[in-house]
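In the part that follows, the structures are each spelled out as structure tokens.
Consider the two complexes below, in which chain A is the common component and chain B and chain C are the respective partners.
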Partner chain A sequence: MIYPSLFLTKMSDFLNYNQQMLLTLIITGIACSILGCFLVLNKLSMLTDALSHSILLGIVLAYFVTKDLNSPLLLIGASIFGVFTVYAIGLLSKTRLVKSDDAVGIIFPLFFSLAVILISTFARNVHLDTDIVLMGQVIMIPLNTMTVFGVELPKALFYMLIILLINLIFVSVFLKELKVSSFDPEFATLAGFSSGFLFYALMTLTSFTAVAAFDAVGAILVIALFVGPAASAYMLTKSLKKMLLVSTVFSTVNSISGFYLAIAFNVSISGMIAVITGLTTFMTVLLNRQGIITAIYLRHKNRKEFRLDLLIMHLGNHEDQQDAELELGFTTIKDHLYWDQETVERRLNRLIDQGFVQRNHERKIYCLTEKGRLRYDMIKVDYGM
Partner chain B sequence: MSENIIVKVEDLTMAYHDKPVLWDNDVNIIENTRTAIIGPNGAGKSTLLKGILGLQKTLSGTVEIMGKSVKQVHKKIAYIPQSNSVNWDFPTTALDVVLMGRYVHLGWIKRPGKKDIEIAKNALYKMGMQDYAKRQISQLSGGQKQRVFIARAIAQNAEIYFMDEPLAGVDKNTEKVIIDFLKDSQKQGKTSIVIHHDLNTLADYFDYLVILNKRIIAQGKMSKTLTQANLDAADMGGGFKINV
Partner chain C sequence: MSSIVFEKIISLNFANLLNAIGLDFEILSSYTFVVVCLGTMILATVAGMVGTITVLKGQSLIGDAIGHSSYPGIIIAFMICMSLDSVSLMIGAIISGTVAFIIIQFIDKNSKLNLDAVLAVILSAFFGLGMVLKSFIQGHPVYGKVPQGGLSNYIFGQAAFIRTIDVHLILIVAIPSLLILFLFYKEFKIFIFDEVYAKSIGLSSTLMYVLLVLITMSVIATGLKLVGAILISSFLIVPGITALQWSNRFSHVLIIAAIVGSVSAFIGTYISSVYAGMSTGPCIIVVMSGLAFISMFISPKGLLANWLRRRKYLNDLSKSIFD
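Up next, the complex of A and B:
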């Protein structure tokens, strides 16, 4: 369909509803994961949980002022309230009467439940549903549109694009400062980089992102988007830039696969993406460099190598001894290692292939090559002999 | 040599919760010395350093460094924290950590340039760590981590080094590298203030001494300050005898 006006383009002309939803989800995911990297590095993940729940109270309060669910003031009001929550948690834990984890657990259920009570008492007729708050309404994204510079596009997509842009600018401008204050806050303070400013800037953006993402994907998925991809990238990368990049890859893969699986099984889209995010993070826990499965594999490999080292030691120790014919003989070596003939031959053949061992047919024994003797000396040093 | 006071602390009192950790302390650090701070566990050694550097709140007292406030001279101060105070799993390399020493001079937003990288590489070289520049910091040993921290201070090109137990848990080789660095720095006119825990090496490694146990017990030249009476007064005498 060609739209009558030359200046008005509809996004739905070139992207179908599914594609619009998916695009919004991917952009939301990237906007969340780049901030998420710094939240994870600063061990602030649980603060995101608190923030994403308590902004509901911000939304309700801002609604009472604006009386309009579509007002951008709602977004700003709710975001400021999110920052206030972080501040309140900080204030409560500074009294040292409660620990900071406890402060999180006191403040956010208080704000969240206040919001639920307010909605159910005063805003019953308003389209503000507690279920939607938790799970979001991905399916509604393409229906709620707005027109910007002659382009009609989903409102959620537009807001998330703006937020993504702001987050990208923030992270690239302050990369150096964010890095030093997350790694060594005391050094950063002495170097003149106020960690307070960076902390509240990060929290303000997190709050804005959570509020904007909330509408589309809900409070639970928002936490998954912030923490999951960043935590996975943290386990796999050795530089901050790579961590940021890998987290966006994780986030995009999670969004795409979660979206299509949800459609295939006809289940909640945000729920499925959160499940996939959990799964990919869990897989990373198992498979990363220090992961459980990797550790088992490495242990197995080390054990194999240890046996070969043992064999080289045995050869090196007995080569120049009187009993070499017995200890190292083609048919007798097995009795001295207490291995069966087949195992001994397999291991010796591997060492012969690697050039450490040769057969001495004259004396009918196995002995070390030049290379093997070097390895023998190294093993003695390695094992402290 | 005239004795210029480079760090002047007056009436410093600090508390943790409601418990005072440091009581009304006056400390004078002399310029161009290697000054050790010793004291029993819980004497407030780290707290004193943090108080001087403004990293922890003080209840009373004033601190002057080179006659000015810490904020005014922060570029000339390098702080080397206990190496377990940071997250060594952070995704970054040894060179990158050393480069942070240059951030002090760059200020906000500006990125380190080629010259800064050159300086950082040189600092790593001075610590014998040039081969580890691209190594992720989690893969460094305890001694190597400490060397990276000191390389960061070298890259900063500071005048005063504040070090919190730099020799704790490091290998013999690193210990020598660090002490050589302190002696070298002194030749270049710099001042080091180091929390130390080994009484056996104290007199070899340092030339000035501050003995602390919540209050200053004694301070001054090593030869005059390191006495059995002073150690006993700080509850540190047990089992250790000074051989003079």
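Up next, the complex of A and C:
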């Protein structure tokens, strides 16, 4: 049993390296997905792509000023640059010389290129690898520690906890405003609050989150964390609060499963989480209420039910008629429904099992039971006859 | 004998001329520069022309998503062929890019998600798959034995390392792509500007999409080695955006895009050869974007012209009021 000292508690005393990594990933995922919901709702998803790439230039520029890769100022500088990127894209599309998609597509490769050039010419011996920026170094999370209030914990975890807290406060304080400006920006303007302010507040937080997250998980996973869970939740829910909740669940599940799969196969952790995020989103596309597989299943089920209804109708219509033996006879019924004997028997057996139909052995016909009669009347009402 | 002397004089004069305008003849005549420059110029020309169509169709970010998505294909092709052969890696890139494109279209059609979100998810998932596979083969007992240093070049591009065979490959892709563009020029024009009309005269829009995706995909796949998966999309869209500032006629736009592409490829390659350590792809993109921004300012539809026009209008107005 380890007794943590009063003044210096090490996180590694009660969580091993893997658990620390996983905890950081989960916190990062939740911090991202909360904001991601609003990005998806406002159709700003590709801005995360632009942000996560152009942040590199912000980091390089901030490095030239601070000369220290570990300074918190570096993160702040990079975040401000991220907001500037969004502002530049907005400015460019406001000139109406280019479409907004084109503005995104022209600005971020430019910034990324500038960053690559600056790194390769001026910052060669600095530990600032473009590969790491893209792919992240989840493995390094527990090794980079800092001490806060006597607790030694991974730096990335501490930063992400603060970011998560800020994001949570922002979303809960401005929930109503964010909701209105996401769904009805014109009304938001009429109601007297500036959706421009909210937009830039949202983008500032997105930028801060992306900068804090990219160091640990890499630019590519940042995109997945922002957009994937939010997109899945968007397809499944109809209210904003539920969407926020579901997206955090998705994000946590993705992080945990991706993490353990990556550990099991000894492959890139952030890559694996991005893949899993893509997979869960794709599965949600297929399986949600309007999804294609759900549609096929429902169509199949409806067709089946319709056939049984049809059969009951046929029985009900002809039972009391003169030609009942001809229409409903054990061997003749198939001629009137244009089904083969086997199919007829299978479907009738199902109705017999459900108690709607019985065999009348005297007349050698199928006829409805009491329950079947009720069902027959109900069907007639349902189909408007 | 005399002809050799004569040639030498001419080349010297030519060299002096170039030096006078600030270009280094040594570099311009070096074999590496000629190969790299040819490669990037041809690529940028074709990419500019093909990309113009994507820009006009309003799908400029799809190129970005496909560029990122071709990365896992390269790794898978490496795993199957166990070599860094350019052709097989290119085929791998084309296949995975196409798969990504099909999935993007499928999700876009079958869900209420915005295209933006679909692109972002697919882009990160595919690139993530590339990262997973890359880390898988790195320590692998079988794949680990084959040298795989060249694989990371496909992320950021390494134009300085391309060889004559890569230029041949670019030509092999470029010529048919341009041929398709010219042969179906009218069809593309109708398809871009009035898809409904195109359908009504019996032009299959599926066929046009397939053609467009085919040439875009092959241009992206050949460009990966030079510019990399991350930045290839700007080769496609920036020349088109620039050209659209100068003209509204489709044929003119195509020609201007080609010129912008090749000129920026030349300047970018030159800059990267003069200053050691500068990567070629990013240099070209900076030049390209510079041209785009200059065009937005000084073109006939640009900011400057608009400002002058407004000022003139206000002047005329005030004159007509006060006179």
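The criterion applied here is as follows: the second predicted complex is superposed on the first by the 309 of 385 C-alpha atoms of A that agree within 3 Å, B and C clash if a C-alpha of one lies under 4 Å from a C-alpha of the other, contacts with A are read in each partner's own complex, and residues count from 1 in each chain.
The definition used in the following text is that contacts are C-beta pairs under 8 Å (C-beta built on N, C-alpha and C of every residue); 3 or more make two chains touch, one makes a residue touch a chain.
Everything numeric in this text was worked out from a predicted model, so none of it was measured.
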item	value
Greater chain A contact set [chain C / chain B]	C
First, second, both or neither for A:F149, with chain B first and chain C second	neither
Which of chain B and chain C A:Y234 touches, first, second, both or neither	both
First, second, both or neither for A:Y338, with chain B first and chain C second	neither
Which superposed partner A:T121 touches (first chain B, second chain C, both, neither)	second
Partner chain in contact with A:F14 - chain B first, chain C second, else both or neither	neither
Residues of chain A at both interfaces, chain B in one complex, chain C in the other	234
Residues of chain A that touch chain C when the two form their complex	40, 43-46, 48-49, 53, 95, 97-99, 101-102, 104-106, 109-110, 112-114, 116-117, 120-121, 124, 130-131, 134-135, 220-221, 223-224, 226-228, 230-231, 234-235, 262, 265-268, 270-275, 277-279, 281-282, 285, 288, 290-292
Touching residues (chain side chain C, partner chain A) in the complex	55, 58-61, 63-64, 68, 103, 107, 110-114, 116-136, 139, 152, 155-156, 230-231, 233-234, 237-238, 241, 244-245, 275, 277-279, 281-283, 285-286, 289, 292, 296, 301-303
Chain B-facing residues of chain A, complex	41, 96, 173-174, 176-177, 179-180, 182-184, 186-187, 189-193, 234, 237-240, 242-243
For the chain B and chain A complex, residues of the former touching the latter	17, 50, 53-55, 70-71, 74, 77, 79, 81, 85-87, 89-93, 96-97, 100, 103-104, 106-109, 111-112, 136, 152
